[in-house]
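Structures follow.
Consider the two complexes below, in which chain A is the common component and chain B and chain C are the respective partners.
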Partner chain A sequence: MAKYLKNDDLGQWLSELGADYKVYAPVQEGDSIAFRPFSKGKALRIDRHATVGPKEILFPACEELLRFSYQKDEENPGRENIQVQVEENATPTLIFGSRPCDARGFDVFDGAFTQCSVKDSYYIARREQAAVVSIACTRTENTCFCNWVGGAPDGTNGSDVLLTPIQEGFVAESITEKGEALLAGSNLLAEATPEQEKEAKALRAAAHESLPEAPDFECMPEQLYGLFDNMDFWEKQSAKCISCGACTYLCPTCHCFNITDERQGNEGERLRTWDNCMSRQFTQEASGHNPRSEKAYRLKNRVGHKFCYFPELHKGHIACVGCGRCIKSCPVSLDIRQVVTSAKECRLPAEDNDNE
Partner chain B sequence: MSKVKNPYLPEMATVQEIIQETHNIKTFRVTLNNEERMKAFSFKPGQVGQLSVFGVGESTFVINSSPTRMDYLQFSVMQAGEVTTRLHTLQPGDQIGVRAPLGNWFPYEDMKGKDVVIVGGGIGMAPLRTLLLYMLDNRDDYGKITVIYGARSPQDLTYSYEFEEWRSAPNMNLVLTVDAEAPGWEHKVGLIPNILLEENPSAENTVAITCGPPIMIKFTLQALKKLGFEDENIYTTLEKRMKCGVGLCGRCNIGTSYVCIDGPVYSFAQLRKLPNEL
Partner chain C sequence: MLDKLKESIKAALPELDFVMGWGMGYDPLHATPLYMYEPEDVDNLVWGPLNVHNLAVHLPSLKGKKVGIVVKGCDSRSVVELLQEGLINREDVVIFGAPCNGIVDMSKIRKAVPDAHFVHSVETDDNGLTITTDKDTHKLSLAEVMADKCTRCRFPNAVVADHFVGEKREPTVENDAYEDLESFESQGFEERRDFWMTEMDRCIRCYACRNACPLCVCRDHCVAQSRNPHWVSQRDGVRDKFMFQIIHAMHMAGRCTECGECERACPMDIPVLLLKRKLGTVIHDLFDYDSGLDAEARPPLLAFKLEEESIKEKDW
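Coming up: the complex of A and B.
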């Protein structure tokens, strides 16, 4: 059963949720909109897409994996003992105001970090304690293409609650049991009237209509394998790229990371930080060899991972949610839509029968 | 709280013994501090470990001791950058972190009853040593073993103190080679692929395993093909750059294959099916 929340009650509702959760919501910060801890009275920016998505709430840009300290051995002063500690600090967290594409990004993270042979205990600890309240997009932007990659402006994957903004309020639907509990827990939410539900439905349908027609990406793995050795294609596509990594950092699905140590005196920490596959060092080997020494190889892997390798490993799920952030933030306007449609339209040479 | 095991947490270990192998390679024999864990520790020939120097970082090295000799875990480290340089300063008794075993292994079960040709270059002998010792300790399970091991100079050969043991095993042919004549050198002189062709081992019912610098692997592969080896029967280990070692950090992929969990051991038949990105 759908519920209704008045715009005027939103701040109050978030404050109520704040009793059980650490609440993050999009706010203006300089030129950009980013997710920050919510406190009563803070102005939200939910009228447009956040510049930086909520990925860092569940996968921080920098986090401590462990902490170590060196101590002199009492019996043998020439020797040092090492203590290693892991701090478990995941707390119940509520992400408010993510968009359906952002929430679907967590689906990709779930695939990469939890549906694999070795699981990421740090991500899982946060994910298990997280609730996601997303807002359906009733106005799409010209960089949006969620519908090309299996999503929708009102998609529910990865969310616990989906809100649809209507006149003066939101129609709220629970997607999961966790979401149901969130909606049931407050007197601020009333039952939505049939008119309100109808209005929400119409707005959502209009948003679907506003998106460009979706190409069929079923053939992408085959196309991308077929283009693997066509370096002319990849050099052309990557010609403008300056390997800055903005696309990877802002991407709601990019999950590659680095591990480094910091030491101050006798103690320190092992950190994990977001990493960038568009940088040359990413695959630099000790022998001096580098399988992705040129940016063309790196773009090929980034696009290949999202539209070919990840889908092959995860039941066809494309690891791009069509949020358009990489398009908006690329300093040289490299457009992933254009790369994948060019790849899709490329005529592959007739099967060379060298392989099988 | 989540019950999932923390995949990044190393076990503490003690360096027991250090062997200076060559001017830039040292071998470390380490034991886990937790005696129960050390007793229960098992791995398969070809698997790797991550060694931690806390405060500097972690790096990947093959466990080059044999699972049949579990007094210690052995790693040979060639000095390359930060972590390896710091490892080279360790002294017996020093503490390090170990995450192991990781990755896949040589098909030592499927190789039973077959002849084996091992072709190693430089530090590439490390993963081959574990397999060789395993086979020597299960000598009746395998046919003829040919080992071709080369390095730039006699001083660059690792494990030279063991050559006598290897050579004296039954039905075993150890061929050593260096790039150029050297005083006192009584073995072969020449590049590994040429020596391999000269030795001319039969490809019949034989598995070939090669490890070494990329350029050596390339020409060794050509030589093996010339000798009639099929891609299915040629194995190598890949050395992609790694961080997590457990399939999560996204650094070591070749297409859909993650070298840290699906490798490092691949047959050339498997590599042919992967995108061409070695």
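Coming up: the complex of A and C.
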């Protein structure tokens, strides 16, 4: 059953949730919008997409995996003993104000970090304790293309609660049991009236309508394998790229990381930090060889991973949620939609037929 | 003028691998670098206030190719600096210039038109832009949304060009008074420190500032990411992030032409050009030198003089 929350009660509701959760919400910072710990009095910015999404909350840009220290063995001074202390500090966290595309990014994280043979205990601990309250989009930006990649302006994947902004308030629907508990726990939420539900439905339908028609990407893995050695194609597509990490770091699905031991004297910590495949160092091997030494190889990998390799490993799930941040914040306005549609439309050379 | 520019590019194209200019991007408000390989690609060329990118950033990595580049006045100074430092060969680059009226600052546009991400159409003329979104229409004068660098532009015409089309424009100002810097520095130490700690806190370390910089030529061998030696911590504290900006600014001293690409490229809108402006004025006062104007000159910090004219060591 849908509930209704008045705009005026939103701050109060978040404060109530703050009793059980550390609440993160999008706020203005300089000319940007980012997810930060929410406190009463902080002005929310939920009227548009945040510059950087909430991915950092479940997958920090930098996290300490463990601390270590070396001590001389007193019995045998030639030896050093290492003490390792694992850092685990996940706490109940509520992400408020993510968009359906942002939340769907967590689906991709779940695939990569929880469903493969190696489980990421750090991510799992945070994910299990997280609740996600998303806001459906009732207006779509020029860079939005969630419908191309299996999402929708009111998609529910990855969210526990979905809010639809209507006149003077929100229609709130629970997606999961966790979400149901969130909505049941406050007197601020009333039953939504049929009119309110109708209004929400109409707004959501209009948002669907406003998106450009979705191309069929079923053929993409085959197309991308077919283009794998066509470096002329990739060189032209990547010509204007400046190889920075804006696209990957703002991407709700990009989850590659680097691990660095930083040691001062006998003590140090092992850090996990975001890494990005557009950087040359990403594939720099210790031998000196680099399989992706040029940006054309790196863009090919970025597009290939999202539209071919990841879907093959994860039941066809494209590792792109169509949020459009990589387009909007790209210093050279490189448009991944254009790259993928060009790859789709590229005529592959017909395979040689030996029987002819 | 655009037609003349296209003509001159088409005429030169057979001798070149390609020419870099600007075409329209993903929506009517965004231009994007355009690579012109064939004469028909040239038809997509645009010229106007949306041509915000400095294409000189690509030149060093194109060494060995013979390429053309379309430049605004400020972009041409980067080309000069690259020539000065031997990072590109003059005979491998054909430069197309045209008078620039100023370019827009997308952050200013987003402030004037909060719905800029919903733009449907844009009309530009000499004095401004008319932006129509899904809800309404905004008429903006170029002056109100112009990039700060254009308000103090001394070189609206390319300082070096093989083909210059159109009539040369008079510069906006004779001298850069560094008023922005003066007003920033009139604050106390603590205010300035707090400003940078607040601004740098939201840095995501994507290094767009570095990679958009035409003179940041260490590229894939940057100290920020080198493992051995491990100069810069991978921790993402605000001091670690600021550390890189200081390194960047110091390496740019006397080379930076203040094209502003670092700041424009920043997805988090951090005003990192200000740091380079500070060093620009120090270099100007100390060495009476302006970067990117004379391909034969030598940047002061890339040279050694036993006695500098403005540094009176012996009187210290």
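We take it that the second predicted complex is superposed on the first by the 347 of 356 C-alpha atoms of A that agree within 3 Å, B and C clash if a C-alpha of one lies under 4 Å from a C-alpha of the other, contacts with A are read in each partner's own complex, and residues count from 1 in each chain.
Just so we're on the same page, a contact is a pair of C-beta atoms (placed from the backbone, for glycine too) under 8 Å apart; a residue touches a chain by one contact, two chains touch by 3 or more.
Note that the structure is predicted; figures quoted are calculated from it, not measured.
Contacts of A:S329 after superposition on the shared chain: chain C is touched, whereas chain B is not. Judged by the touch definition given at the top, the superposed model places A:T260 against both chain B and chain C. In the superposition on chain A, contact of A:Y70 is made with chain B only, not with chain C. When the two structures are aligned on the shared chain, A:Q338 is found in touch with chain C, with no touch to chain B. Ranking chain B and chain C by residues of chain A touched puts B first. In the superposition on chain A, A:V86 makes contact with chain B only, while chain C stays out of contact range. Using the contact criterion defined above for the overlaid structures, shared-chain residue A:E285 touches chain B, although it does not reach chain C. By the touch criterion defined above, A:G226 lies against neither chain B nor chain C after alignment on the C-alpha atoms of chain A. In the superposition on chain A, A:F113 contacts chain B only, with no contact to chain C.
On chain A, the surface touched by chain B in one complex and the surface touched by chain C in the other have residues 258, 260, 262 in common. Residues 29-32, 34, 48-49, 51-52, 61-62, 139, 141-143, 210, 236, 239-240, 242-246, 248-250, 258, 260, 262, 271, 273-274, 276, 279-281, 327-329, 331-335, 337-338 of chain A touch chain C in their complex.
The touching residues of chain A, counted against chain B in their complex, run 65-66, 68, 70, 76, 78-82, 84, 86, 88, 90, 112-113, 116-122, 124-125, 128, 225, 228-229, 255-263, 268, 270, 272, 275, 277, 282-287, 289, 291-292, 297, 301, 304-305, 308-309, 312-313, 355. Partner chain A is touched in their complex by these residues of chain B: 1-2, 4-10, 12, 52-58, 78, 80-81, 84, 93-95, 97, 213-214, 239-241, 243-244, 246-251, 253-256, 261, 272-273, 275-278.
Chain contact summary for the complex, chain C toward chain A: residues 25-27, 30-33, 35, 37, 53, 57-58, 107, 110-111, 114, 117-119, 134, 198-199, 201-202, 204-208, 210-212, 219-220, 225, 227, 230, 233-236, 261, 264-265, 267-270.
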